[in-house]
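The following pair of complexes shares a single chain, chain A, combined with chain B in the former and chain C in the latter.
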Partner chain A sequence: MRRENHPGRGFAAAAKAAVGRESGSAAVNRCATQNRIRLAFYFCLSVALSTLSASISAAQDLRAPSAVTAGEAVSISTTGSGKATFYLVGPGVSNKSDVALGNEISLRGQDLRDAGQYFAILCSDSCHSASFFVAPAKPASLAFLVHPSRVPVAASDAVSGVALAFDQFGNLNLDPGTINFQLTAGKTSLLSRDVAAHDGVAWFRTTSGKSAGPLQVVASIGELSARRNVQEVASEPCNLRIAGQRTKDGLVVQTEPVHDCAGNPVPDGTIVSFTATDASGKSTVDAPIKHGIARAEIAASGPVVVSVASGVAMGNELHIGGGQ
Partner chain B sequence: MIPTSFLTAMNTIAMAMIGLTLIAITTISVTTVAMTVSYARRRRVPSIRSSIRSRASSGITPQITPRAISRIISRMTALLAASVFLFCAPRSNAAVNVDMSVSHAGPRAVEPLLERGILRDYRIAWISLAHALEFNAADALSGPFVSTARDTLMNNVSSQRRSGLSTRYLNQNHKVEAVYYAPEGDVIELHDAADYQLQILDGGKLIHDEHVVMHYVVLMTPAADHWVVRQLQAVPQF
Partner chain C sequence: MKTILTIIVVATVVLVAVGLLGAGQTKSGTIGFANGSALPGLTPKADTPEQAVTNLLNDVQKRRWDAAYGALSKTSGVDEETFREEWQGSNGSLRTFSNLEGSELRPVHATNDDAQIRARLRWTTPVGPIEDVRDFRLIREGGLWKVVWPKQQVANVPAQVVPVTYLRWDLVSGDGKDEWGARNIDPPHVRIVSMNAVNSAEGSAVMGEVVNEDTVPAFVNVGATLVDGGGNPIDDENSFDKIDHVLLPKQITPYRIDFPGIDLSKVKNVRMDIKASLVPASADPVIGVMNQKIDADVQGRSVLRGELLNQSGQTVNIPHVIASFYDNNGKVIWVSDGYVDRALLPETSEPFSVDIPRSLAGKVQSFHVVVNQYSLGKS
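And then the complex of A and B:
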């Protein structure tokens, strides 16, 4: 009512009160806006910081060496700054160390002795990795497998050998080049052959020599060589000849000195079979060669036919009459 | 050979558990049904359910209630599930697939029996390798590896122990080709194009996880009753 009576004053007071109310809400709004701005600022700051940190972590990188030989020390370059943990994982090694980013990381030769793939891993905020291969060093030893240890003479494709080249750390050298194989019996050279290694392997196969005795087999590459011995022994008996005579209890038969077809004396202990056929039937006696000769006593009466064999070789037949 | 025997033992135990559980479930089920039917007949109750219901309503607790039966069966099912898990768990860890080709091997031909033996032993070697490097168990390497291969892997295990690292070889696939088989059969060379998930862990923290394709040159030689890996060397390519 009073306002109505003094509409001007009342309006002014109302207006003042309204202005007061407006300024109060404006202050609240201003505070809210400031809060929003502050929040936006913090948000932007955190985004900027995280972006910066991401960019810093992205700057951490490592560059692995391109060609490494076993046992050689190398270094890996890194970028970025700060500290990080470096891992080297590869054949025979799993190392962990603290490093400073931006510096080169030295890898010792003893950590790179085994050929194969290595992983270099650098971790700070995140992990980055690079891999590289370590190749075998030059050949330092030859693994040489020769078969057999004893071989009959003149046997076709009877002697074989396989050679593999390894470096000083035991890594297989897959491309050692050409390996030379030499076979020598006494002073006679039986074989000299250059064989290019494939997949790290070189091999040969050949016929054995003609004379009994030691056979030297040598594989060589550069100044490296490996030597093996094969004992060549006489082959199957050849041209078996027997002679015999009657005794009061039967027969005594014996061979002439037993040789193979190349003239090598057949080793003692080789079994020779004598077969006697008379009126009562067949009887067989096996006798070992002793001092180069096989000898047997056979109980038989009357006319007898004696034959001899050793392995696949047959000898002559001996006819002994009943009265002789 | 420890992992192999370990896996075999696990599988055997699991198989035995599965068998025994199945037998137990069958026996209990048959016995329960038989006893209930017998009881129903004795009481001249038309059906099993009404028999149980009548016993329950008369205040007599039935000896074998449906709840008891279901409890027994659920326990047996749980045991069966555990057995199946036990059976499957070691196999999933040891997922190593090996395909082998011997058509280009020479100068000596690889016979089918030998091919199977080499494939088996090479697979066992990788299972052992994965086990040894995941759990840093050097004993696993003694059977399948000899000479340089064994020494290198032993060094890996001891180095991992010192550093607190471990390596996982997951989902292994090996395509193996025999490229050389010696005339006397005393050495075979294999080329293995392998792919697997390689995980390197520092303690429990995964620091490297990558699906890798690797090329291995492998030398295997015969031992007393199996083939052993003498050389296992990764190369950039064949």
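And then the complex of A and C:
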């Protein structure tokens, strides 16, 4: 038996590649197009085989099952007598077997793992075909992508997530029902939202929290859940203030503890630029924040003006006279 | 037959003598001439200041250190090792990877007993050709001109332990077995905060500044595509070394992208492209840029000069200075860069200067300097 690409997995892979660059519905549309192309191929195959069978006199018949779930074994009943050749053609399978007319033909669950359109063809002195659709099984896993992995606090519509439910065989479940999204920062719940999936995709978008730290994002459907972490980080420094004093070689200036406007400490390693201007010119030191404070030693003499900035955020100016 | 042979020998001797004299002669009063070289093994007498400097530079170029040191005046306050280090470099500095390719001499002043010669030295280096202007003072000693080599002030840093407690960022990549989407890390968020396109002496240039808005270090590269009126790309280039590629959180770097031979009048649009990726980095060393000011160099050109002060305990082998210059509206009107050819030792300072184009010197109102650094053994 030869296995081909099956649409469920193709759909998932394409959706995975698409998520993050385009919206969930856009990914679904693209993948659905691929699915339709495959179905069109099988339809054409069916028409060709039916045309073939029409040219031969009908002497037997077969009845395909009306509803099949992926991975479940089913039977196809036949009429007539004698021997015949049975073909099963589907998204991930292409089988040929000898059968006795009048008996039921058993299809193994492993031949029906891939959701999509299947064709059953029975040939003896004439050929007959029937098609049936294999639907995805119940959701067994959630593909869940959350963006971004780091986000500044209090950024509006900055956190988004998309979830797709797949059955145990990797078929995208187009109607999994409602998926619940929960966002929790520490012990505080920031969001709990039930979202009905459309074409198998459910998504959310929300504002980041106000406290720096890990943000737990959970998507769940029934017993299934997928957990992701987003690092909420301090936003731009706010109210950057410096103090300084003269030393024997120049100046020592340092910031007060650097926070963003929500009061979160700006991470250590963030660069703070000190600029001192005196009669001999301008001196600058790009110093990283260490234990919440940035500190710099600057060679300067006489009256000096010291300013501070971090990124595009400016702080206060410090005027130090020559005698101080 | 004998007569013909004699004539040939005499003529050969005369021609060789003329050649030797010609190679050794310098025309006094010539302004700006290339430094030539004598025949191998034959160094012309230093009977003019220019010849003395020419001899010295030839010896340096050929790494004949004894001969070069012998061309110095007895009044020079330098020992041979220090003299040699000045030309050869040390501590993995840019000079250690450089070669003196050529020079051009220009007399500044001369009397019977002393003179000053200005030499424009052309170096080949791994970061491209570098020009250096140096003034040589000469005095006459025993009928010959000798170079007076000043004693360099070498920073004497006391032995000490410098604690390094700055942050370091490492990258851990997943092993690929994780659930899809569970271990994704976004690239750093960087932003072009300004961009300006101008015509330059060699063509055109696109310049501006980039900020790392993220909380993790970023490796940044900026590219630009010039587009004509029909929407067709004319050329695309990137910032190459005219940018500080590794940006710590909230750090700002200037960038400049050169488009040699392209006139901006043909350009309708500029497409900017900034690429950022995660990179391991360290917040150390911290290099202060002290006493920055714009003034004129010995050739009368506008330069931004200052001193780099290494505030850490780590040697910076090749410091690289990048400066952005702003007009009175705060717009970036030029970005210059320059390499310092001496290593920046711990707790010491080194002077630097970067050029400002003559046409823009009058428009510069303020400037911002960042220091990029290359240290041996670190990527």
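Methods note: the second predicted complex is superposed on the first by the 264 of 324 C-alpha atoms of A that agree within 3 Å, B and C clash if a C-alpha of one lies under 4 Å from a C-alpha of the other, contacts with A are read in each partner's own complex, and residues count from 1 in each chain.
FYI, a residue touches a chain if its C-beta (ideal position, glycine included) is under 8 Å from a C-beta of that chain, and two chains touch if they have at least 3 such contacts.
Remember, it's a predicted structure, so these values are computed and weren't measured experimentally.
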First (chain B), second (chain C), both or neither touched by A:290: second
Partner chain(s) touched by A:116 [first = chain B, second = chain C, both, neither]: first
Touching partner for A:199 - first (chain B), second (chain C), both, neither: first
Partner chain in contact with A:234 - chain B first, chain C second, else both or neither: second
Partner chain(s) touched by A:186 [first = chain B, second = chain C, both, neither]: neither
Contacts of A:312 with chain B and chain C, given as first, second, both or neither: second
Contacts of A:263 with chain B and chain C, given as first, second, both or neither: neither
Which superposed partner A:214 touches (first chain B, second chain C, both, neither): neither
First, second, both or neither for A:299, with chain B first and chain C second: second
On chain A, the residue positions that both chain B and chain C contact, one per complex: 145, 147-148
Chain C-touching residues of chain A, taken from the complex the two chains share: 16, 19, 143-150, 226, 228, 233-234, 237, 267-273, 280-288, 290, 296-299, 310-313
Chain A partner contacts - residues on chain C that touch it in the complex: 165-167, 169, 179-182, 184-186, 193, 211-217, 248-252, 283, 286-293, 306, 309, 311, 367-370
Parts of chain A lying in touch with chain B, wherever the complex brings them together: 85, 87, 89, 91-96, 114-117, 119, 121, 123, 127, 129, 133, 136, 145, 147-148, 160, 162, 164, 170-172, 174, 198-201, 203, 205
Touching residues (chain side chain B, partner chain A) in the complex: 107, 147-148, 151-153, 155-156, 159-160, 162-165, 167, 179-180, 182-184, 186-187, 189, 191, 200, 202, 207-208, 210, 214, 217, 219, 231, 233-236
